[in-house]
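Please find the structures below.
Shared chain: subunit A. Partners: subunit B in the first complex, subunit C in the second.
Moving on to the complex of A and B:
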């Protein structure tokens, strides 16, 4: 227990000190936090519940548009703000900016959760590939639909309110970093708490054999929906922050960015090891570092390098980094392994 | 509990990695002025991204070989740090941040496309980094009150304005019936707004107003409607892919329309790729080689065209020409500012009033170039099937007469 506290304290201190120790990397660090949040929330479905969703990007994009819209709409007419070629310039005062952002984030968390409940009720009955394909469609459809809605900028995109002139030049980066880090800590603790309850066992039961779980008297539908709502809540928060951080929302390239963010969240969770608490965190971190590295050193070939990385993951670490460690050092995960058992396994191989 | 140790090791490794990878370059090192640019080398804008990059490189080589930039009695050479923004606004914003805060770049060149420029402008504005951009034409870029953004090109809403007015004129001053299809992106939607304005002023009617998805490769539904309703003008805009798709499907479906107005014909190398099928297409262009503007570096449009073709193996589309012009603007501003102070350079940029081979450049309050009109060219082919782009409007530069209406497919 003691060791745990030391570890958490170390990470917390690192997280708080990071933007001051590496001031030039604030944006990358903020994005790292967002990526970890997305990986953790994807893992709730993909890892613990065995439902491979590509639809979480829907909540992320929804959160992004909602947060920005509320932030603008609270003080100015939204339609005039987003009107293409609009001649008017509106400027948020610092108080308006932060109030708007806070309310925006709240809306960006709650509404996607409600939407997840409504959609979940209708599609969580699907299983396996059918569910994956259906959710894939959700993200694509949302991107196309939002690209046609004039009030949120349609194809022109939505410029989020510029950060007000407070403090130094670094204030904006620090603000968004601490927002994303705080949400990351909140997400991690919430998910950790949830995983220590019966709820996680139910999700695992659904993953291992849904029919059996139902036969045991578990209302699987209820749990599946609640699980998805939890994911949507945090995805929405992540999206809201990301919108402010990027400063410009495009329907398919930034908000409902299924082919990048939507795929990355799955990759990161698998890379780290799905079905574990720390797996997505490690996976997202490793993934982000590799991605940034490829980007710098293999300009023009970064996606080829990323592709090679994915192939390596699939071949050598099919269970992810955590899964690989667990197989290699089961004792360290608190698993008791009988020596004879291990021998037998080696012989089998 | 060894797993915790692994995590701790990992976190410290991460810390070391971050701290060693900080490579800070100043904007001016020795005799080098280092500019930063995020360019679409991959993704949906990759072909235009490459045109942009080639244009920048061409100008850098030319300026450097002709004596560089003279600031405060010292000669400096240009150099550019490129990153690939993958045609993604999120990445572009991140890269701008990276160029400025990690690479220490203090002057930026623009990316390709309005959407990406929209994503980068807030970042350069925040740091007070002057950015001369050559490929972000959306009008909304110039109404945000940006002080450090300068665009050498005419805003997007003017692109096809002339085409509509010409059509109305040819129709005896009466309004025409317009069918239009635009990609859902910042630039094309702005071109659309320009058409809406022109239609309103000329009393024209818009009978089809379609939005097309990004990465445009099918617009058969729109064309089927065009076939049924027979409009006077068909307007299509969707970057390079939009132009290629439109010509391909119009030829396949044999759609007859008196006037076909588009954007990005030269970037898409329409006349080369589709030959006689692209004939009669009317295209908006920021620049054409036959225009009579001059400067000391590239002499004039024809020379630029020949030099560029020799260097890169294809004729320069206007995206390359305007990108080269951006460097000329920077050089001029540095020399007039006589310093590398960002504020002074910004003020010098704002006071720019010069002629380049690409056109006159003078910035309005919002940063757009107000001294350079758009031109329209038409793809014209000879009997042997060799096609060329010839300027047809405005009359001052016209090298051929507009062919109107477009002959029916059955007569071609």
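Moving on to the complex of A and C:
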């Protein structure tokens, strides 16, 4: 217990000090926070509940559009803003910007959760690969359809409000970093709290054998929907912040980016280890470092590398880093190890 | 309602004819997917990218002065070997595992192919001009490119040929036996590993034919693969595995649906409506089955 507190304190201090220690990496660190949030939320479905979704990108993109639309729409006509050059005609004052962003984030979190609740009953009745393909279709459909809606910029995209200057202070990077870090801490603590309750056991029961869980008297559908709503809530928050951070929303390349974010979140969770609390965090960190290195040195070949990486991870490394550690050091994970049994296993190999 | 299609009735005929001819192509791709899904229990997300790759083969023949219609023969031969190589490298490691693993692995292949094609062939929308001209029907109010008729005809020929091959040949019987029960087939001396490789190769070859026809009839682009995968998945789940007339019917139905969606909703919503239709079909089937306390398996 004591060790854990030291660990958490160290991470917290690092998180707060990071933008000042590495000022050049503020944006990268913010993106890392967003990626970790996405991996954690994916893990609630894919890891704990056994419902491998490609569709959480839907909530992420929804949150992104909602946050930006609310932030603009609260003070200015949205249609004129997106028509082109709106960000030059209308300028948010600092107070308007922050007020709009706060309300926007709240909407960006709540509405996706409600959407997840509404579609949950229909979609979560599907199982296995039907669920995976259905959510894949959902994500792509959302991207294609939002690319045809005029008021949120259609094909030409949506420029989010530029960060205002407060006096002479320019703190865009710090602001978005601390926003994303705060949401990350919130997400992590919330998920950790949830995982320590009966709720996680129910999710695991659904993953291991849904029919049996139902036969035991668990209302599986209710838990599945609640699990999805939790994911959608945090995905929406992450999307809202990411929209402000990137500064520009495009339907298929930024918001409903199934080819990047949609796959990344699955990959990060699997790389770190499905069904563990720390797995997605570690997986996202490793993945982000790898990705940034590769994106910088092999520009243009990044998707080739991504494709190869997916295949290699999925085939040779499906248990992830945490799974590998668990096999190597079972004692650390609180598993009782029988020495004789272990020796016998080694001999067998 | 001021939709053009309701004001000009002949457009309806046009849409139905276009849709039917397009749907036959979809059915051909879906047949390949049903084959490998039934035999190997794998959902291949890279299906559409194999189609596009097959299309580029025909396109390159066109660039080098060979008539692209020959691509219908050359493309499946090359694609067969591409399929076998993919099987040997990746698919044989995911055959007996969780379906999600195969979905994710083929998703990786799909991204890889997309990007490699983008590098090799450029990001332009291309088509191989066959120079077949067009046929005018109903007093010139309905135009029908001859290339579409040609592609529908070739698709039917290949589909029928494959059905006969699966019924009569030794490999076809081995494939069907493996689909029924892989373990029993193994015991009876069928080399299932070879059967799987051949199945994946045949699937890729079918994709090659369809791709060559698509490059003649429509256009191809490195990123256009995923919609073809989704379409064929949709056709297979509507028709059911191993139901060949059903695959043909639902393929043509989808083609007609798409043409009408194109006219009524607008071209920008065409792909979106396909994906949305997939979601709706799955949800519909889920509710239908849940009345019997069952679920999609």
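Keep in mind that, in the parts below, the second predicted complex is superposed on the first by the 323 of 349 C-alpha atoms of A that agree within 3 Å, B and C clash if a C-alpha of one lies under 4 Å from a C-alpha of the other, contacts with A are read in each partner's own complex, and residues count from 1 in each chain.
FYI, a residue touches a chain if its C-beta (ideal position, glycine included) is under 8 Å from a C-beta of that chain, and two chains touch if they have at least 3 such contacts.
Everything numeric in this text was worked out from a predicted model, so none of it was measured.
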* Can A:157 be said to touch subunit B (first), subunit C (second), both, or neither? -> first
* In the superposed arrangement, does A:7 touch subunit B (first), subunit C (second), both or neither? -> first
* To do: Tell me which partner A:268 touches in the superposition: subunit B (first), subunit C (second), both or neither.
  => neither
* Asked: After lining up the shared chain so the two structures overlap, which partner does A:128 touch, if you call subunit B first and subunit C second: first, second, both or neither?
  -> second
* To do: Determine, under the contact definition given at the top, whether A:52 touches first (subunit B), second (subunit C), both, or neither.
  => second
* For A:310, select first, second, both or neither according to whether it touches subunit B, subunit C, the two together, or no partner. => second
* Which superposed partner A:148 touches (first subunit B, second subunit C, both, neither) -> both
* **Contact breadth on subunit A, by residue count: subunit C or subunit B** => B
* **Common interface residues of subunit A - those touching subunit B in one complex and subunit C in the other** => 144, 147-148, 154-155, 300, 303
* Asked: For the complex, which residues does subunit A have touching subunit B?
  -> 3-4, 7, 10-11, 14, 21-28, 31, 84-89, 144, 147-148, 154-157, 159, 162-163, 169, 172-173, 242, 246-248, 250-254, 257, 260, 278, 282, 285, 289, 295-296, 299-300, 302-303, 325, 329, 332-333
* What part of subunit A is in contact with subunit C in the complex they form? -> 52, 122-123, 125-130, 132-134, 136-138, 140-141, 143-145, 147-148, 154-155, 259, 263, 266, 270, 300-301, 303-304, 306-311, 314-315, 318
* Would you tell me which residues of subunit B are touching subunit A in their complex? => 1-4, 6-8, 10-11, 14-15, 17-19, 21-22, 24, 41-42, 82-84, 87-90, 93-94, 97-98, 101-102, 115, 118-119, 122-123, 125-127, 138-140, 143-145, 157, 182-186, 188-190, 193, 211, 213-214
* **Contact set on subunit C toward subunit A in their complex** => 43, 90, 93-94, 99-101, 103-105, 107-116, 119, 226, 230, 233, 237, 266, 268-269, 271-273, 275-276, 278-279, 282-283, 286-287, 290, 295-297
